[in-house]
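Across the two complexes that follow, chain A remains constant while its partner is chain B and subsequently chain C.
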Partner chain A sequence: MTYIRKPKFANPHIRSNDLGLTHRDYEGSLTTLCGGCGHDSISAAIIQAAVGMSLPPHRVAKLSGIGCSSKIPAYFLSRSHGFNSVHGRMPSVATGANMANKELYFLGVSGDGDSASIGLGQFCHIVRRRINMLYIVANNGTYGLTKGQLSATADPGSRTKSGEESQYDNIDMATLAIELGASFVARSFSGDKSQLVPLIQAGLSHKGFAFIDVISPCVTFNNTDFSTHGYKNTWENYQALSSIDYVPMRKEITTSYGAGEDKEITLHDGSVIHLHKTGSDYRPEDRDNALSHISDYRKKGKIATGLLYINQDQADFHELNDSVDKPLNTLASSDLCPGNEVLQSINETFR
Partner chain B sequence: MKATDISNPDYFHKVVDCQWACPAHTPVPEYIRLIAAGRYTDAYMINWHSNVFPGILGRTCDRPCEPACRRGRVEEQPVAICRLKRVAADYKEDISTRLPPVPRKKNGKHVALVGGGPASLTVARDLLPLGYEVTLFEKDRKSGGAMRTQIPRFRLPEEVLEEELNYILDMGVNCRFGEEITSMRELLEENFDAVFVGTGAPLGKTLDLPGYQESRENVHTGIEWLAGVAFGHITSIGRKVIVLGGGNTAMDCCRTAKRLGGEEVTVAVRSGFDEMKASPWEIEDAQAEDIPILNFHVPKRYIHENGRLVAMEFEKVRREFDANGKRLLVPTGDAPVIIRCDDVLCAIGQENSFPWVERDLGIDFDQWDLPVLDKRTFQSSNPKVFFGGDAALGPDNIITAVAHGHEAAVSIDLFCSEADVQQRPPPETLLQSQKMGIHQWSYDNDISIELRHAVPHADKSRTLKDLNIEVELGFDQRLAYEETMRCLNCDVQTVFSDNLCIECDACVDICPTDCITFTRNAEEATLRQQLIAPATNTDQDLYVSGELKTHRVMVKSEDLCLHCGLCAERCPTSAWDMRKFLLNTAKAGSPCQKP
Partner chain C sequence: MPEAIATSNASRITPITRVNDFVVKFANVNGSGSASANNMFAKAVFRMGIPVSPHNIFPSNIQGLPTWYEVRISEAGYLGRRDGVDLMVAMNEQTIRNDIDSVLPGGYVLYDNSKPLGPHLLRDDINYLGIPIKDICLKEFEKPTQRQLFKNIVYVGALAAFLEIDFQVLTDLVGDQFRGKERLIPPNIHALELGHQYASNNFKCPLQIRLKHCRKTDNKILIDGNTAVALGCVYGGATVAAWYPLTPSTSVVDAFGKYCKRLRIDPGSGKRKYAIVQAEDELAAIGITVGAGWNGARAFTATSGPGISLMQEFLGLAYFAEVPIVIFDIQRAGPSTGMPTRTQQSDILSCAYASHGDTKQVLLFPASPGECFDFAIEAFDIADNLQTPVIVMSDLELGMNEQMCDALQWTDGREYDRGKVLSEAQLEELGEFARYRDVDGDGIGYRTYPGTHPEKGSYFTRGSSHDDRAAYTEDGNVYAGVMDRIARKFNTAVGFLPLPEQIDTEQENSSGLKLGLLFYGTTTSAIQESLDSLERQGYHFDTLRIRAFPFHESVQQFIDCHDRIYVIEQNRDAQMKSLLKIECDASNRKLASILNYNGVLITAQHIERSVLEDLATFEQTAANTLSSRA
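For the complex of A and B:
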């Protein structure tokens, strides 16, 4: 009578993807988060993104730290690989996993506490190291799991349900990521899947470190009228710099757009994103332009969202380090131990 | 689309697919839950108030509710609604104290009922508690109408029939059994305050083909023959029997013939198997008794020798469609099929017949010789005379007769109180939150995913030997419980309050069947397409909210909602609530009725 399992019956009219799977096949176990938590919408958006891209679930690795947000990998893609790590330490685990198998899609999910407080150091370094992954921060301006303390992303003056007011300047994760060298940076809102889903798809397709700061209200502890991370403020103040469509590489591109209104970007895996301008002279390839837009909007009390910055020409960690082509688990012992002759020739170089 | 007006009782009523489809609008899920709780007597009384004959209908109803049942859209088969009704009847306790009291002091109005079938008996039951005096004229020596004379005892045992007839007769009906009304004029001259005609559709048809005159003795009208069997006048039949026709009467004829000595019983149908009018379960039951059904066999002549029927000749046909898509039965050109037989039962339809209603009494008849009636009130063009059941609209079924009876009783009561019969009292409705705690509901939302359970049958080696042994054994209590768990509780409505919604998407994300979408408003056809799962079943409504803060609307397609309550469990602001919608149609004397 309480918290039933989600019934197995599905709507026969939902679409299935190229793998013959519907979004019901990408679900995880039933959420244990508070009803209305933005994090659940992020789970749903990830599921939609994965269905739309026909991601084979077993090709995905989900990684997280600690927090309500870090729990969500349990609620989607139950047939994927997963690692729920220590608080703030997901970047290390993600880096290791990525080293071991560069062929998987890596999806990190963390919170503002997990990544901007205890894990800030780890966060900075994974950005800097250009690990090829999509890193999502479900940002609610609070430590939800520990009952609503203000986090480092809470804007000054923002107030939680208990009435606590943020005294300090906030850390803007998107700005930080751009400054530290992330090659794909976006911001979105859990309430707007029409924007969030294509951003997740583009982030997964992007080669290099992709980051999405998703405003994801904590309905229980930080959803007051005075909270900048609540539903009310976000609905009222989020503004997309451009709207985005994602076309997976297998799909033919049929829509055409008027010159000047639209920017078409082909990603490394052949998929395409379309950015439709919404008025401003926004140039997502221009790092300084991106940073100034973010702070201009912020000064007006607005939240700039959409694809903020993209750089497709940056080499990622594997390229920079000329790592082995194949996943380590596929290497034969002859690759790992090439024999005395090879050893001798290596030793020769040190003489 | 305009925001949905949920204060209109039809809106939520329609969501309860079974109740909406039931002619008497029985609150099905309410009684199914009571059965699950083991409260059989309470479940029975809900039925008794709505459909008057739960034990009878739980065995024989045409079950229009089942093809309508939502479960049939969500998986393969509907809930076994009808057989659960029987469970309530089988396991109930004594109900005598629960029957409505009949006042000793009468209201001075006297109503005549012609015919003792379910239609008339429903009128009697509804009017007696209001103080009416009711006189029932029935040409047979017993009441029940076609329920007694047509439906064989192996489908409906005598005791079940008697019990439910007696609940009504014992309320104080003046029974004038064995009295056939032969003149409406004379009846009207007796100065009843109102007359209700529930005489059924008593006229069977035979097939007049070459050889008929010579074979007459062994060519029978199905319904007359069944009545003869029911009253014990007919106790045997020839060894080889052909039944003509593909409706339920044909199925009852062939199964009865098999029990009266028919060793080779064959059913012959003109059209295709899939066009047969009989209910699928009746066909299955006949086939389970090894009765072959030949389709595309058109009867051509009766073959007789020495003044006795010996065989029938059939022409084989196939189905074709002409340019206008009209279905034709075209001879295949094969040699005629000769089937030997001793008796033929014609089950090819029945008709109404009112030779006893004089045509100068202000009661108009239409071109098919059916009385001209107001479809809502069942009043004829003579305001004192009402019709219902098969007599009103032609042969149908018991539950329809009951529904007519209820409406006619309302009309008669209004008419006798000198009120306007068009001013119908509204149904009684109740919309009540089921919330008990954050994730607790006062109904069991954890529905079973089991497939429909079959009702066990008695062994055919026994049932085929005795006309009176009931074939279906009914669910036992455990099986009944399992079956109740399949019901989706469609009466527990999802009620949305747009002013509370914060558009967090929690309901959208959790809904297992993708019923809910937040979207820009549009015309219905467009809206149906722009939902997360397109709502293509236009028989099922869209629930549209008022405009939300983001200028979108919430649109819920009712089609495949499982009433699981997860949307309401996940909603942080209780913008969704699960509320039980109980609707009882107004009966005669309803408190809502205007004086």
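For the complex of A and C:
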């Protein structure tokens, strides 16, 4: 109900972040999704992540395609420019936007229909191009806006509310992202903010293409006991490879961990993530290991979550392009136009 | 007695006798290295000061299929194609029969007589110029590749003797071509000399058709439209290009990349002031362009008909969300894959109203490489000012063939006009920001780039219905208001667009009829020749060249004040005429079509024939109507 103005209550006790902004400054308009939709939890996690890391909201460009998932950029960060583009084509719009100004934070939100079906090609190619952004897929295994058709991420045997059973192999977006060279790949669950929030923060801090596949149940069309994307199955079979904490740049690290239990990764912007073991000895820098873990868990009917893969040594698009330091959209005619004298010498080559 | 003349029946033929006014056509095998030799010929004519227009007629193929290079030479400055060939350089055995058939009576065939011509190839009304090209190359060159490549240079050398090309001009061209690879210069000049010597020793040179220095190419250049577009993009400030390879548009971004490497490197850091992405398809190419345009970079894509089909959805988004982008459509013969290496003007309707729903797009129609350059620069200013896509409608003929035009010019000190974009300071002073509010009454709102101001100026761009603050709405009246406002923007648009080029002689014809020719883009090349010829036959025509869509009001006036107007275009369905009938008040009785859609450039002879044929009946009908009224 975007036409219903969201009430603004002044809470005298609300905490402000390093920028002096409060949670309210990061909110968007009122959601129009169904009550209990996983996607609203993702919006809330994005807001919490942005407040927590003191992200300047106006320095974020939020982009999406079409579908329930792609509506959510309207529901967070109203001080950011948003772009709700066409179905399956957010990756290309994000690519162009990033080419124009590499200094913004780019946050793409898409769904499984948007990214795994109509936009699968664009998804693959934005990963290949190493655009510096965080790309979130709100993955519910179904087409909500068109009322409950199966999507390409629905697992074989999974059934929708209407009883339709998925007969085809599913596309695993996290596996695909790793295969195609994404340098930060995670999976999470909209119901677990303790994991999702630090993953979003780390993904935004990461230099290069960061991807989070978020299981985000569709309460209306795909939340049955027979759906692998419903709350029941996800709660029961969701297993974190490690738990994660995110410490923004310049913040003092206060928590201490026992030796051998904690893995510390410093990201390019100076922020730090801590991964805490939850049993297995998981090494997120090992690409082949990441792929086999996802596959092993899957065979057991489990969902491997957490930071699956990270590679901090990869050059991003602008490094590969060798772009000038200033954003391209700030260059003026004096920077760009070679002038008439040069043109006259070019004319000479056509005589 | 030289063999070629001995076997021909020269005595019975009246040879074509012309100076600086004839057509030479080269028939070659694709991939045999003929392109650079043929180009050298055309450029030599140009450097002798004689207007010249070469036309490539090439296959969709890498190697082996037939290809032609047709060179119109015209001191009078007629740069269109002309029917008939005066001198055929017949180097392709696959097509030689048809090639020889196309020579005008009294014309010439230059061929390789290392092997005698079959009797079926002998005509008794043309002259045969046999040069043992293969034998010469076998004798003079050792490497197989040289023996093949220098065949082309040998016939250019022979043409130099036959047509009296200034040999110094040719040797200078070789020097220019191989600058940096100097060791290739002597063998090339040697090959030219071999051809020249053989022709001089065995034939009476020059022929009755020949060249003579003049001064008609001073301050002109010979450049293809796609290169000129690319230079326009460099000068116009484009920093982002996204594309998918597609003939005949590919060389636009190729050339843009080439010039950027020279002209867009930051001198301090050595880094690039541009970014080019070869996208996975045309959907992504335009998506990237839209993203970059939205975020404040000047961005373009280049494509052709099949790409335009794929870009339709995004064109609707850019129209409705009001994002400035520039598209170069280098049209080719459709539908579907059509004839991918042949020219047409057949995307007019699919571009004018591109995308679903009520849409309209701004089109520019360049007619020369000079206009390709100017319109590319203009297109970015227009797109920024109108906040909408601008499609520059070139075609294969203009894009891929070198044409003579005035030297390109840039006015130093000219600033890019980015239209209504609010800065941080302006936002600071502003009360309320509403992205789509028509503050100035011209239908154009103010936009902001992401990241400009910490608190003000953000908005949510969307292809769904929105109010003037860019918020989603399903209120039909609000939606209709936005649609009406965008329609008003297209009225404003006319003021930003290049005006039609109009020549109004105010002369009536003897029949009392006022006649007009209306055309655009590459049909222009045939117009002056058509007019001169029709004038000699007693017909006066006013002309109007459309340079942009939406149409300027003078187009309606032109229709109103003429009795019969011929809309000349290169497609089957008279697309521009249809567009005129949709957008203007024009009847079928007034508008007649002259169409050419065989994939090669329209000729003045075709226009003239069609006009005269139609006039014969039209004048009769008009006379009958008048007399029945009387």
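Assorted remarks:
Going forward, the second predicted complex is superposed on the first by the 325 of 351 C-alpha atoms of A that agree within 3 Å, B and C clash if a C-alpha of one lies under 4 Å from a C-alpha of the other, contacts with A are read in each partner's own complex, and residues count from 1 in each chain.
We adopt the following convention: a contact is a pair of C-beta atoms (placed from the backbone, for glycine too) under 8 Å apart; a residue touches a chain by one contact, two chains touch by 3 or more.
If you're wondering where the values come from, they're calculated on a predicted model, not measured in any experiment.
When both complexes are overlaid on chain A, the residue A:36 reaches chain B alone and has no touch with chain C. Looking at the superposed arrangement, the partner reaching more residues of chain A, out of chain B and chain C, is C. Using the contact criterion defined above for the overlaid structures, shared-chain residue A:315 touches neither chain B nor chain C, since it reaches no partner.
When both complexes are overlaid on chain A, the residue A:93 reaches chain C alone and has no touch with chain B. Once chain A of one complex is fitted onto chain A of the other, the partner contacts of A:249 are absent, as it touches neither chain B nor chain C.
Within chain A, the residues touched by chain B in the first complex and by chain C in the second are 2-3. Contacts from chain B toward chain A in the complex involve residues 74-75, 437, 439-441, 444-447, 449, 502-506, 508-510, 512-515, 532-536, 549-550, 560, 562, 564, 566, 569-573. Within the complex formed with chain A, the chain C residues making contact are 46-47, 220-223, 231, 234-235, 237, 239-240, 242, 263-264, 266, 269-275, 277, 279-281, 283-297, 299, 313-314, 317, 407-412, 414-416, 448-455, 458-464, 471-473, 475.
Within the complex formed with chain C, the residues of chain A that make contact are 2-3, 29, 56-59, 61, 63, 73-74, 78-86, 89, 91-101, 103-104, 121-122, 124-125, 129, 317-318, 321-325, 328-329, 331-333, 335-340, 342-344, 346-347, 350-351. Interface residues of chain A, counted against chain B in their complex, comprise 1-14, 24, 31, 34-38, 40-41, 43-44, 190-191, 193, 217, 219-220, 223, 231-232, 235.
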